[in-house]
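Quick one: this structure, given as C-alpha cells, is what I'll be asking you about.
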Amino acid sequence: LVGCSSNSSSGGSAGKAEQELTYATTSKVVGLSPILTNDSVSSTVIEQIYETLFVRDKKGEIVPHLAESYENPDENTWVIKLKKNIKFHDGTPFNADSVKYTFDKLKDPKTAAPRASLLAPVSSIEVQDEHTVVLKTEKPYGPMLAALTHSNAAIVSPTADQKQDLMKDPVGTGPFTFSEKVNGDDIVLVKNKDYWQKPAKLEKLTFTVVPEVSTAISMLQTGKVQLIDGLAPELMPRLEKIKNVDIQKKEGTPVYYLAFNMEKEPMNDLKFRQAVSQAINREGYLKKLNGLGVYSNSFIGPEVFGHNESSDKGPKFDQAEAKKLVKDNGFDKKEIKILAANTSQYMNMAEVIQSQLKEAGINATIETIEWGTYLDVSKKGDFDITIAGWSNVTGDGSELLFPRLHSANIDATNLSRYKDAELDKLIDQSRSVVDQEQRKEILTKADEYVMTQLPVLPIYHGIASAAYDKSVKGFEMEPTGQWSLYGVYRE
Amino acid sequence: MSTEVVTQQLPSHKKKKEFALYKTWKRLIKNKMAIVGLVIIAFQLFMALAAPVIVGVDPNKQNLELSELPIGTEGHWLGTDNYGRDIWSRIVYGARISLLVGIGAVSLGLVGGVVLGLLSGYYRRLDGIIMRFVDLMFAFPGILLAMLIIAILGTSLVNVVIAISIWSIPTCARIVRGSVLSIKKQEYIIAMRSLGASDLRIMVRHVLPNCMAPIIVFATMRMATAILSTASLSFLGLGAQPPTPEWGAMIAAGQEYMWTSPHMIVIPGIAIMLVVFAFNVVGDALRDALDQGMSLDK
Amino acid sequence: MKETVLEVKDLVTTFKSADGPLPAVRGASFSVKKGETLCIVGESGCGKSITALSIMGLLPSNGLISDGSISFNQKNLAEMSPKQMQKVRGNDVSMIFQEPMTALNPVFTIGFQIREPLMIHLKLSKKQAHMRGIELLKMVGIPSPVERMNQFPHELSGGMRQRVMIAIALSCNPSLLIADEPTTALDVTIQAQIIDLLNDLKEQLDMSMIMITHDMGVVAEIADRVIVMYAGEIIEEGRVEEIFEHPQHPYTKGLLASVPNVDDPEFDLKPIAGSMPMLNEQISGCRFHPRCPYAFDKCMEKSPKTFHVTDKQSVRCWLQEEGVEQNGGRRASSL
Amino acid sequence: MAVDEQVLYSVKNVKKHFPVRGGMLQRVKNHVKAVDGITLDIYKGETLGVVGESGCGKSTLGRTILGLESLTEGELVFNGNNISKYSSRQLKPYKKEMQMIFQDPYASLNPKQRIGDALEEALIIHTNLTSLERRERVLQLLNEVGLKEEHYDRYPHEFSGGQRQRIGIARAISINPSFIVCDEPVSALDVSVQAQVIKLLRDLQEKHGLTYLFVSHDLGVVRHLCNRVLVMYLGQMVELAPVHKLYENPTHPYTEALLSAIPRPTVGRKRERIRLRGDLPSPSNPPTGCPFHTRCPIAKEHCSTEKPAWREIDEGHFIACHER
Amino acid sequence: MAGLIVRRIFQLVLLLIGISFIVFMSMHIAPGDPASIIGGPTATQEDVEAIRENLGLNEPLLAQYFDYLKGIFAGDLGFSYQTKQAVSEAIIDRFPNTLNLAIASIIVAIVIGVTAGIISALKHNTWFDGLSTIIALGGISIPNFWLGAILILIFAVNLQWFPVGGLTEPFWTIEGMKQLALPAITLGTGSAAMIARMSRSAMLEVIRADYVRTARAKGVRERTVIMMHCLRNAMIPVITVIGLNFGFLLGGTIITESVFAINGVGRLMIESIAARDFPMVQGSVLLVATLFVLVNLIVDIVYAFIDPRISYE
C-alpha cells in the first residue's frame, strides 16, 4: 500500500510524473561556494551547480569536462585547453580568466579556503589565451588531474563572486541553477535551460535536511523524499523491505582504518601492530556491514588509483597467533585507549574492535568524542589507536598516502604520526612522477610497504550507497560516492 | 510552687519509634501506586547490587554470529543486540549504572543546591546575588546547559553526572530557599537565635532538617529526571562510552535497528520508563505522605 | 412561647479516617426559637464548628451525618438533596465564618460576591443586586460602600471583611444566622463593633442566631440561651443567667473559673487539669471524668444521662443524681 | 508583690523601622514604623505588661529588646551596660540573661528535634556541662515545668499545646536567665489550659526571681499577672501605669476604649461602651500629631498636628495625651 | 505594570550579558577548534591557521568578547563561522518553526493537562483520578526521543495519518497542523503531565479553601462553584508551572526538532555546538533565554489579571 503517489507538494498534474526530486541529508549545507566549503553535504549540491575542468568517467578514468584537452610540455607545466561557448548562469562567459580567478582565489591565504592544499603545489596560473590556461608547478605534481576533478576545484563565475556571496547565491556552469533557500536550510535548484549540453531532465531539485536517518527513511517510504545516500549498514534490512525503494551500491574509494600512534609505546612496536592486526576479524566484521564494505588487505582500496589486486601482503586474522604475541610481549599489561569520533559508524567499529582486542588479551577502552573535538585531539596525537577514515574524493592513491602517512603532515592529517624516510620517498615519487603507469607501480610498492609496517590497519573499504524511490531513473553513483542528477528523471 | 504533673495520656504514645519518619513511611505504603514504585526501585537496586550473581554472562561479550536474536531465544531470553550481546545481562548491569548516575547526579546537585538555597534563604544580603545566578541558570534550557558542560569537560559518564548535577542546582536552590524563607520566620528559629545559637548551628540543626521534606521529594523526582536526562544525552551521543551497558546508550544504539529488531530499543526504553516512573510515583506519594505528615503533626 | 425555627435531634457526625470513624459530634440535641440567640461555647476541637456545618450541609468531604435529624421549619435538612439544600443555604439559613481573611474569594470583587446570593435566591438583575449590595454594605456600617463594591478583599481590613461577610449572610433576610466565632480573629475594639452590629441587626431583622464562641465574655454579652459542649457532647444547657450564675457541670464551672476577670484583681484563677481528649480516644463513662475533680466511680463506668435542673436548664452529670448532688453541689457553690 | 526598685533593663527611645521595598529596582520606598520611640525602665523582679491592638508593635518591641532585631535608633542598657552596639560575640553572655517565650506553642519547637535535645541545646551553647550533667539538668527542668522524665525522648507533635508551652518555658529558663520576654504565651491556648500556664509562669517567677516583659492583648490576663502595664498604639507609647491605676483609672482615651470594649463574663450588667471609629491606621503611614487622633472620641484640632508629650500625671502613671 | 515591564527588561539585559559571557567563555574553553572543523579532516596546518586568522580567533579572548558585546548592543549578532551567514538572519529563518512548535506543544499540554488535572481533582480518589495519575506520571517518564520515534512508526508510517517530519506549511493550514501534530504531542506530553499534576493539587487545595465553603454557604450552584470560584484560584499556581514548562519545551525542541526533521532554533543550537560555531551558539542561546524571560514576564502579567492581590508597584 505504500505508494509514491503523494509526492505532489506544489500541485501538479497527476498523470505524468513530475520532474522534481527531493534529496535528504542528515546535516545542513554549509554553503554553496566550492572555494569556501569542504564538507560532503555542501559538495553534493555544489556538484549540481558547478563543474570542474576534469571528471572521472564511468570506468574511473579521468577525462576532460570543462577542459577540452591538456598537455604537459614539461613535467612542471600543464597547458589546459578549455571548451568554448560555455556560459555561467549569470551570463559571464566561461574562459581562461575565470579559471585563473577561481584558482588564484582558492590559493590566496586571505581566502582561507579549507581545501587550499589541493592546488598548493601549483606555483602560478597563467592565461595563455581566452581558452587556454597554463598551470606551473615547482616540482612535478602527479595527482594534478585528480586534484582538478575535485569539487572544491570547480570553476566559479568571477563576476558573480565579486558581486555577491557565493555561499548564499552560487553561480556556476552546471546543469542546475540555484533558485532559493527555503525553510531555513532547504535548498532548491532548478534546471539550467541554457546548459552547454542538453538540458537536464529534472525541473526542480530540493535538498532538505533530516537529521535522523530513520526519519529520512520514513519520509522515503511515504514519498516525501526520493533520494538518500550514504546508507548505514544497520538500515539496510529495513530499506530492503520497503517496496517502493531501489538501492544502489557501488564499490567506492573511502577507506576505514585503525591509525596507530607511532610515537607511543607499545604502538611503535611492530609486533604489537601485528598482534592487533591478527586479533581483529575483519572479514567477520564485514558481514555486519550488510554489504556496505569490501575487504581488501591493502591500504589503497580496490577503486583507488594505485591499487593492485595481487598485493595482499598484510597480516590476516589469527586469534591464536595474536594471543601468543600478546602474551609473549606483555602487551596485555598496558591499557590501550581507542579514540573514536562519536558518529555511529566509528563507534560501531570501535566497539567491535575493542571487544576483539579484549579476546586476544589486549586491554582496550574506548573514548568517543564529538567530531569537532576529535579533529583537534586526533591531530595532536592524544590517543593510542584511533579509528579513522579517508574518503578520497579524487580517487588517487597519492591523495591517500601523502596526507595520511607522509611525515610532512604530522600534526595535521598524518594521524599515525608516521615518519619513515623510505615511505616518504615513495610518496614523493608518486606525486612528482607525471606518467600514470609509473605512478601506479610506485603506489603499489608503497602500499605493500605500508601493509608490512602497519602504521595503519585498514578495516574495510567503503561502498557508496544510495536509496531512491522507484520512480527515479538514470541515477548513477561514482566510486567516490558523488553523483550528478544531470541524467536523472522520474517516471 | 506548683509542680502539678500533667497526667494525661496521649494517643500516640505507643513506642518511641513512632516518630515522623516512621509515620510517613506508614502513610506511604498505604498508597498502592507507591508500593508498585517501591517494588520497582527495590528490584532495580537488587539488580544493581547482585548483577554478577543474576547473570553469568559478560554484558560486553560480543558474538557477531548471534546478533539481533529476538526475544525469547534460548539462552538469551531478552534477545541479543547488534553485536550479539545478551540484552538481559546488559539491562541488569545497566541498572547499576542508571542508579549510580542518578544517585551521583542528585547528591551532587543537592549539595550545591542546598548550600546555595540555605545561604540565600538565610542571608538576605546573599539572596540577590545567588538568585540572579539561579535565574541565569534557569534561562538556559536544561539540556543545552548539559551540552555546554559536556562540551567543556568531554564526553563521559562522570561528566554527564556533573552536568546533570549542575543543572539540578538552580531548581534545588529555589526549593530550599523557599522552605528556608518560611522556616526562618518560624518561632523555633527565633527561639534558637534568642538562645544565642550561631547561624551555622541554626542552619544545620534547625533549618535543614525542616526543609528535608521538599528536599526528599525533590531528590526522588530528580532521580527520575536524572535517569531520563542521561538517556537523552546518550541519545545525543554525549553519554556513556561504549561498550558501557547504559540504557539510554542502548536505545541510541538500537535506534537504527528499531524497524528490524525493535526489542533493542523497546526493552531499554521500558526499563528506563519503569524506573523513572517508579521514582516519580514514589516522589509523588512521598509528597502526599510528607505533606499530610506536616499538617497532622499539628 | 415563640415558635421553634431549628430543632436538632441526636445529631451524630463522624469523620472517615484511616484509623476508622472519628465521631466529632456525639448525639447533640438542641433547638432555636424565633428571634432567639443561642450560644454554643466550648474549647477548641469540641465540635462546635462541625455542629454548625452539619446544619448547613457543608461538612468536609470525609464528614458524614451518621445519625439524627435537623429540622428547620419542619423540613429535615439532613435528608435534603444537594439541589434542595442549595436553595436553603444563603437564603433561609446563612453562616459567617471564623476567618475573615480567607472566607472571601480573593479574586473577585466585593460587589461580585455580594451580588451572587441576591441574583441566585432573590432573582434580582445585576443592576438591582448592585444597588441592594450597596444598601447592605451601608447597613453593616461600611463607609463609602459604592467604592467598596469594586474593591478586592485584600484591600479591606479584617473588620471590614467580616462586615462584608455579615452583609452577604444577611442579604436574603435569612430566618437563621449561624455565626462561627466571627470575632475570634479580630482585635477587641473591632470585636466590640462586630458584636454590637450583630446584636443590632438581629433585633432589626428579627432573626434567630446561633453564635459559636469560646469566649465567655462574648457569651454573656449576646446570648439568650447557652449550650456548653465538651468533646463532642452537649454537657450543659440553659439560659445565659443560669449558666453564669448557677453553673451545674464541673466543666462549666471550671471554664468560668479559668478566665481571668478584668474587673477583679483578686480573682482566683483555677485551672482545669489536663486537656481535651482526642476524637478517637476511648473513654468509659463520662468523657470529662479524667479531668473532673469530683469524679467518682460511676462517672468512670456509665455515661451520664441528662438531668433537668430547671425547665430551661439541663446538665449531663452524675453529680445531679440524688445523693451525690449535695456533696458535689456544695463544693461547687463555694467557688 | 513587692517590686524591687532596681532597674534591670533600660530602653531609651528605641525605634525599629522595617523597610518597605517597591518600585523598579526594589528600592526602599517607605518604612513600617513598627516601634517608634519607646523609653522604658524595667525593674528587677517585676512583670511589665505590654498591650495594644494587633500590629501595634508589641512583638517587635520584645524582639528588639532581646537584640533579635537590629535597632534603627535608640539605646539598650542592660544592668548598666549599653549593649546596643555589641557584636554577636560580645552579646553572647547577655543572651544567656535574656530569654523569650513565644505565642505559638506549635511553631516554637523544632518539629524534627526531640524534646530532650531541644532543651539541651541551650546548655550546649552556654555551658560546659558534660552530656550526663546536661541530661540531669533537663530532667530536672522537665519536672519543674510539670512534665515527666519519659517525655525526654518524645517529639513535639506528641504533645498537646499546653504541654508544648511548658517545654518552651523550660527552654527559656534552662540557662537561668534573669529576664524573659513572654510574647503572648497563652493566647493560643484553650482557656482551661491557659490558666495552667499562667500559674506556672507565676510560680517560676517567684522561685527564680525572674523579670518578665509580658506581651498580650488579653487585658484580663495582664491584670492578673502584671505589676505595670504599657499601652501601645502604632508603635508608640500611649499610657504606662501600675496595674491597678491603669484598670481603675484609665486616663488615655485609647486605654479607656480598650478596656470598655472587653466583653465581661457577667450577665445582666449592660455597660456603656466607648465606640471607636474605623480601624488601626497603617504603621507605614501613621497619622501626624497624636497617632490616635483619627479614632479618638475627644480629639481636638491640635491633636492632628502636635505630638503630645509624655508626662507623669500621678506617681508612676504616664500618658501621652493633650486632652487629659 | 509598566514599572514591572521596564524592570524586567532591565533585568533581561543583565541576564543576557551574563548568559553571553558564560556561553562565550564555555565555548572558548571547550576543546574543539572551529577552524579545524571548517577545515575538516583533510586540512593541513597552514589551512587551519589561515582559517583561524580569518575568523579572528587569534585575538585575545576578552577582546573578542567585548567586540562581540559591542556588536550585540549595535544589534549585530555576528556572522556564522561556518556558513558565513548573519546569525540574526539564520535565527530569523528558523525561529518561526520553533515558536510554532513550542506554542502548539504548550497548547496541547495546557488543554490536556488542565482538563485532566481538574477532572482528577473533582473525582478525587476515583478510577479516573487513579488512571489519570498513572498516565500523568507515565507521561513524565517517557523519554521524548523514544516517544517521537514510536509515534512516527505508528501514526506516520503505518497509519499514514500524519506526515513523518518536516515543518514546511504555515500552521493555519490543514497540512501545517498535520505536520505540527506529532511533534507537538511528543514535546507536549511531559509538560501536559506536569501541568496535570499541578492542576490537580492546586484544585484539591482550592476546593478545601474557606472561600469555596463561603460560596457554597451562599447557595451557589455546584457547577458555578467549580467553574467560577475554584478554577480561577486554582490557575494561579498552574500558570507558573506553565511558564516554567515553556522554558522546558524550548529545551525539548533540541531533540524533537531533530527527530521530526524540523528546521528550528533547537536544531541550530545543537548543530552549532557540534560545529563550534560560536556566534551561532551565542545568538540562539540568547534568543531562547530572551524568550524564556519574556514568557515569564507574560506569566507575571497574566498573574496580575487573575490575582488582584498581586500588584507590581
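A, B, C, D and E are the chain letters, set down in written order, and residue numbers restart from 1 in every chain.
What we mean here is this: contacts are C-beta pairs under 8 Å (C-beta built on N, C-alpha and C of every residue); 3 or more make two chains touch, one makes a residue touch a chain.
As the structure is a prediction and not an experimental result, all values here were calculated from the model.
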{"item": "Shortest walk length in steps over touching chains, chain B through to chain D", "value": "1"}
{"item": "Joint neighbours of chain C and chain B, given as chain labels", "value": "D, E"}
{"item": "Centroid comparison with chain A (C-alpha atoms), farthest chain", "value": "C"}
{"item": "Whole-Å gap separating chain A and chain C, where each centre is the average of the chain's CA atoms", "value": "90"}
{"item": "Rounded Å distance, chain A centre to chain D centre (Cα mean)", "value": "86"}
{"item": "Rounded Å distance, chain A centre to chain E centre (Cα mean)", "value": "38"}
{"item": "Distance from the mean Cα position of chain D to that of chain C, given in whole angstrom", "value": "32"}
{"item": "Residue numbers of chain A (touch at least two other chains)", "value": "212, 214, 369-370, 373"}
{"item": "Per-residue multi-chain contacts in chain E, two or more chains", "value": "30-32, 149"}
{"item": "Multi-chain contact residues (two or more partners), chain B", "value": "4, 6, 8, 151, 154, 255, 258-259"}
{"item": "In the complex, chain E residues that touch chain A", "value": "30-34, 36-48, 50-51, 53-55, 82-85, 90, 93-94, 97, 149, 152, 156-157, 160, 163-168, 257-261, 263-264, 267, 271, 274-276"}
{"item": "Contact set on chain B toward chain A in their complex", "value": "60-62, 64, 67, 82-83, 151, 154-156, 237-238, 241-243, 253, 255-260"}
{"item": "Contacting residues of chain A [partner chain B, same complex]", "value": "212-214, 217, 232, 234-235, 237-238, 241, 281, 284-285, 287-288, 342-344, 347-348, 350-352, 354-356, 358, 365-370, 373"}
{"item": "Residue ranges of chain E in contact with chain C within the complex", "value": "124, 208-222, 228-229, 232-233, 306-309"}
{"item": "List of chain E residues in touch with chain B within their complex", "value": "11, 14-15, 18-19, 22-23, 26-27, 29-32, 130, 133-134, 137-138, 140-146, 149, 153, 197, 247-248, 250-252, 254-255, 269-270, 273, 285, 288-289, 292-293"}
